[in-house]
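Next come two complexes, and both contain chain A; in the first it sits with chain B, in the second with chain C.
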Partner chain A sequence: MQQYAVLIPELIVLVAALVALFADLLGGDRVAAMVGAAAAAMAAVVVWLVPVPEALFGSMLTFTHGTTTLMLRSGIAGLTSLFLLWVAARGWAGVRAREAVALTLFSTVGSMLLISASDLVTLFLCLELATMPAYVLMGYSAEDKRSLEGALKYFLMSVLTSLVMAYGLSFVFGMNQHTSYSPLQVAGPAWLGVAVSVLVLVGFLSKMTAAPFHYWVPDANEGAPSASVAFVAAISKIAPVYAMVRLLAEVLPTSDGLSRVVMICAVVSIPLGIFAALVQTDVRRMVAYSGISMAGYMMLGVAAATPAGYASAVFLVAVYAVSVLGLMLVVAQEGGTFADIAGLVKRRPVAAWSAVVYLFSIIGFPPMVGFYGKLGVLSAAYRAGYFIPVLIAVLMSVVAGGYAFAVIRAMFTPGEGAPEETGIPAPVDATEYPQAPALAGTVIVVLAGLSLGLGLIAEPLISLLQASLS
Partner chain B sequence: MTVGLPAFLLLAALLFSLGLYGVTSKKSAVMVLMSLELMANAVNINLVAFSRFLTPEKMTGQVFAMFMMVVAAAEIGLGLALVIALYRQTKTVELDHINELRG
Partner chain C sequence: MNILVAIPLIPALVFFLFFLLPRATRTKMLFLPIGAMAVSLVLSLMAFSTVFPGAEKLAEHGAQFTSYTIGVIGGVPLNISLRLDALAALMLLVVTIVGMAVQVYSLSYMKGEERIGWYYAVLSLFTAAMLTLVLAGDFLLFYMSWEVMGLCSYLLIGFWNTNDEARRASIKAFLTTRVGDVGFAIGLAYMWATVGSFDIPTVLGSAHTWGPGVATAIALLLFFGAMGKSAQFPLHIWLPDAMAGPTPASALIHAATMVAAGVFLVARSLPIFEASGVALQVVLIIGATTALLAASMGSVQHDIKKVLAYSTISQLGFMFMGLGTGNVSAGMFHLFTHAFFKSLLFLGAGSIIHSLHTQDMREMGGVGKSMKVTTVTFTVGTLALSGIMPFSGFFSKDLILDHLWREGHYVIYSVALASAFLTAFYMARLWFRVFSGTPRKAGHAHESDMKILSPMIVLALLSVLAGATTLVFGEFLGSETEWPSLVMGGASTIVALSGIGLGWALFGNGRDPEAVRARASKVYMIVTNRFFLDLVAEQYIAGGYNRLSEKVNWFDKKVINGIVNGVGVACRQAGTQLRRLQAGRVQVYQRLVVAAVLVLVLVAVLATGV
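== the complex of A and B ==
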């Protein structure tokens, strides 16, 4: 029995999700969010306290990666906890938040389990458990056709790519004749292995919003409630990238062919995301495009196919999630268009300066943590011999400064025509939520602190990840 | 003449391609969902065929297919819910007419 103790954190989050579903009996949205935040925080701590076995359920879940597994599970729960704390303070764009809280927690359970999944069946189930609530969250404003339209686009793309991945997984099963993770036995020409790998990777790349699976992202981000985007664009990306890296390291054959395919996606994603981000006047669309370029940087590390590359790819996505979560929370309370955030520094100096930290981290400006993530993938790709792609990526990160400074400029210049006092957007949830700006502000400052502080310990963290992946 | 594994894989590949074609070409959201369902079934045929012809005693593929069915059913249900919610707002399920957001 004792080996099951390792799943206590997931169980805590699951129970909290069920409690949040029945929050009507407890007193509503704020209670649901508080329960969820407390449970997720507890889970983040408990991860480190329970004994960790090698494997569970006939090695459907394995915990062989030691500290990395713990760190990622704890990190996902911790970020969810911060996010729900913010929800407790500010609500969910004026609609009932309790179901959204439950869905967030269900998705978190899926993400946490996905980290330890080491069987094709658990991989697929956990991935779907992590993403299915995300479709609902993106279309959460059921009265708003823009939100629904974005969610439908997201849903169709994501299900399509999931099924392509499942088709690939069925071949992995056929070749290995069992579903647990072990190196793929390619009977026949080598391109067969590459073809199967590409089918499987399609699912992951679409979850990471890499080109050519990106077209829905800006639309979905613009239509959906910003709080949903904060969760979907940030926290729910961490687990898939680790699962992908694990699959590549343990199952799929690494080959030049596969690396080349991934590298082409990377070289397309990076400039596409960055150039498109430059011309946006809505932070939500900008975040979508910067996410596409981030997926490109992540794939540089994946294409390198070395432990260092894999480790820094995971690290990059995880730290990017911290900064994007923060930025989207600022957007969720202040509004997304440049007109909304004009003169923000006068109204909400803390939020504005935190947003500056997030933006610098997103574009990879030292000493923010995003810089170390990008440095990691670039040096891994360089060592693997990809000079031209690295050169493109480095040049592009300079260009990326443009969109960050566009947002910063908007925040630091007063809005045209709008008098200072009327420039403050009325909080959408003012009636139901007596504002708790202190709590929301604390979350935003903590995330900014993480974006800065994680940079100090970036190198030990990457080498820790690297050691467990080699 | 016995029907072997390749025949089933070919059938699955055919169904999968049909589904993929449907998803990319159909204009009605409902037709797209049906095409997605075709693709899911192709995956299931693959799984069951591999299991039946390669490891008949273990039934792994059949169990995998069961899970796939559950996931596919949940996903299509969710998709239909989205389409219905959208229909209430826009009175159409034609994807071409659902274009509030600039793509």
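== the complex of A and C ==
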């Protein structure tokens, strides 16, 4: 029995999700969010305390990667906790938060389990458990047609690519005759294995919002409540990328063909995301496009097909999540358009300066942590001999400065008719309890601190990831 | 704790303190940044005295350095270090002396400014960054402080952030220098790939083993960064606009120190340029082109600060010409003297602007009678810039001309001489317009207070005396330097005097051909043939020349600016086109996804081979 103790963190989050569903009986949104935040924080700590077995359920879940799996599970839970803490302070812009809290926690359970998934079945189930609540979250303001439309697009596109992936997984099962992770026994010509790999990857690339599977993202982001975007665009991306590199490292055969496909997606995603982000005047759409370009950078590391490349890809996505979460939380309390955030530095200097840190981290400006992430994938891709794609990526990251500065300029110039006299912005969300700006501010500052401080330990973190993936 | 660490650290601490303090408290604590500056100045003098004078003392005490490991990349430790050598010691003095002068001056000039605390904070941060750059013992720290300086420059140009022009200028400056920085960054990456180290002595020591191709590539990439920072053609477009910032900040950053960082970079990495050979030629040609173009553009400006801005660009071109001969002391000596007299000129211009509340020279006049101290000090600066014996500019400019001649770059030499002529001309034009004649639209000037005047007096003294250090300077930097020869000095003096003479002929005694032309009806022109000769001269000599200069100016504004701006527009256009693809219909999206899956599978299969 003792071996099941390793799942206590997931169980804590799951129980909290169920409790949150009954928030009406407990006292409402804030209680739900507080319970969720406390549970996630507890889970983040408990991960380190319980004994870790090699495998569970006949190797459907494995924990052989030691510290890495612990780190990622704890990190996901920790970020969720911060996010819910913010929700407790600010609410879920314009809608009831309690069910959303439950959905967030369900998705977090999925993400945490996905980290240790080592069977095709658990992989697929956990991936869907992590994303299903996300569809609902994106369409959460049900009176808003744009939100519903965006969520529907997200759902349809995601399901379509999941089907392609399931199709690919069925081939893997067919060739290996079992669903556990083990190197693919290609029965037949070599190209068959490559084709199967591409089909499987499509599902992941779509979850990572890589081009050309990105079409839904801007529309969905613009319509959805900003808090939902904060969760979906940031936290829910971490686990899939780790699952993907695990699958690549343990099951799918590496080959030039596969690397080439990933590289094509990367070279399309990076310029597309960055150019499109330049012309946006809404931070939510901008985040959508910057996410596309980030997926491109991540794939540079994946295409390198080396442990260093895989490790940097995971690291990049994880640290990107920290910064995007922070940026979207700022947006969630101020509004997404440039007009909304105009003169933010006057009204909320802390939020504005934190947003500067996030943006610099997102575009990869040293010494923010995003820089180390990008540096990792770029050097891995360079070592693998992809000179031209790396050159394109480097040049494009200079252009990326443009959209970050557009946002910064918007925040630092007084807007027309901005309520400067009162110093208090028009409320964008209608929560039923008094807001707690100090708590929300703390979350934002902590995230900014992480965006800065993780850079200091970037190197050991990446080498830890690398060790577990080689 | 080493003295070297303290020099940049003290101003940096002031910045962080000011950053945290509320505005009202900052305004009351302006003695802090000035005190910090004074401490840095004293420490710099102490540092200087440990390595001065000459080679034997350098060998004994020199190259003191402190090193820290900040990270590990791919198993290789990444060190940053501070190192004191002759070049660094000299630059320390320049930065702290001019910095001190500007900070004292700003007390009065920026008085009553609401955000004066922030102004001083940024000045301190800038000083810290520049001192770090000067002391940097490795290219990584060099690059980091280089970028911080760019940020400070951006913040100071846009200091009056309610002014739309200033805001645009600050963004333009930031983006244009960033273009150069991309080159610099790629150059550093290439350097790391080649040597596996950023340590300056290690890198420079191995430069001759890289082979000419690699050395040329790295040298040119570094030079591209220098071109952005030092406003060399065609990346010079940001500097004239940068004059929208406060004048004392312009004096420190956009005249004396920061813009010279590009020159310093090339001087630091000169062995790489020498290993390449070709790169030195490029430096020469770019420097010469810039010197001539900027000098001619400076002669048609009406804004007193713009004249000085173009003059700075032109003089930086001179410094690059000096370095292009492969001689460190030729370029660096001009940097040294220029820092003093150009900041003096800027501070003088600031004093006049402060008093008259205009920057347009057409509205000034007769300042000489009412602002005695400003006039004397400004005149010293003017003569130094024009290259008149015995002011310092004469010696440093002559050293450059001398080296150009001796190395056999005769074409470049004549370009440099022409630029020197134009320099003397536009400075004379400025001087006569502002100081002689009678007061015009802007009215009577009144002398500024001592906080403004005393830094100018100190800088004026330095502008006179710095020339005397010619031999010591050369010896200190370890290269042969002689007094200007009679022929060379004579030639440049004649050129400078004739430039001033042309300026006097056109603008002396309150004459102003440009203003006269605007006012005079044909009858008036014929009747008052006292002006007739002047007008002929203006029409045929200066007029033709003015038209040419205006053409150059137009070319600069439309074509060069257009190309640089065009890149940005193209990026935005690409974005707009991409947005079209995003039509919003989910059926279309799904079709695109399925098509993409098929294409990707096909690519993978074909790449593997069927």
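Here is the rule we go by: the second predicted complex is superposed on the first by the 458 of 470 C-alpha atoms of A that agree within 3 Å, B and C clash if a C-alpha of one lies under 4 Å from a C-alpha of the other, contacts with A are read in each partner's own complex, and residues count from 1 in each chain.
FYI, a contact is a pair of C-beta atoms (placed from the backbone, for glycine too) under 8 Å apart; a residue touches a chain by one contact, two chains touch by 3 or more.
Quick caveat, the model's predicted, so the values are computed rather than measured.
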Discussion item. So in the superposed three-chain picture, is A:199 touching just chain B, just chain C, both, or none of them (first/second/both/neither)?
Written reply: second
Discussion item. With both complexes superposed on chain A, which partner does A:340 reach: first (chain B), second (chain C), both or neither?
Written reply: neither
Discussion item. Taking the superposition on A as described, I'd like to know which of chain B and chain C A:401 touches: first, second, both or neither.
Written reply: second
Worksheet item: Of chain B and chain C, which one touches more of chain A's residues?
Response: C
Worksheet item: What is the contact status of A:160 with respect to chain B (first) and chain C (second): first, second, both, or neither?
Response: both
Worksheet item: Who does A:152 touch here: chain B (first), chain C (second), both, or neither?
Response: both
Discussion item. Output check: A:250 vs chain B and chain C. Expected answer is one of first, second, both, neither. What do you get?
Written reply: neither
Worksheet entry | Which of chain B and chain C A:170 touches, first, second, both or neither | first
Discussion item. Per the contact definition in the header, classify A:215: touching chain B only (first), chain C only (second), both, or neither.
Written reply: both
Discussion item. Let me test your reading of the model: by the given contact rule, A:178 touches which partner, first (chain B), second (chain C), both or neither?
Written reply: first
Worksheet item: Intersection of chain A residues contacting chain B with those contacting chain C?
Response: 152, 156, 160, 164, 215, 218-219
Practice prompt. Could you pull out which chain A residues touch chain C in their complex?
Written response: 152-153, 156-157, 160-161, 164, 189-191, 194-195, 197-199, 202, 206, 212-213, 215-216, 218-219, 255-258, 260-261, 264-265, 271-272, 275-279, 366, 375, 379, 394-395, 398-399, 401-402, 405, 409, 412-413, 456, 458-459
Response to the item:
Listed in rising order, chain B residues that touch chain A in their complex are 12, 16, 19-20, 23, 29, 32, 36, 39-40, 42-43, 46-47, 50-51, 54-55, 58, 60-61, 63-64, 67-68, 71-72, 74-75, 78-79, 82-83, 85-86, 89-90, 98-103
Worksheet, complete the sentence: Within their complex, chain C touches chain A through residues 71-74, 144, 161, 167, 171, 178, 182, 186, 568, 571-572, 574-576, 578-579, 582, 584, 586, 588-590, 592-594, 596-597, 600-601, 603-610
Worksheet item: Okay, in this complex, where on chain A does chain B touch?
Response: 120-121, 124-125, 128, 132, 135-136, 139, 142-146, 148-152, 155-156, 159-160, 162-164, 166-167, 169-171, 173-174, 177-179, 215, 218-219, 222-223
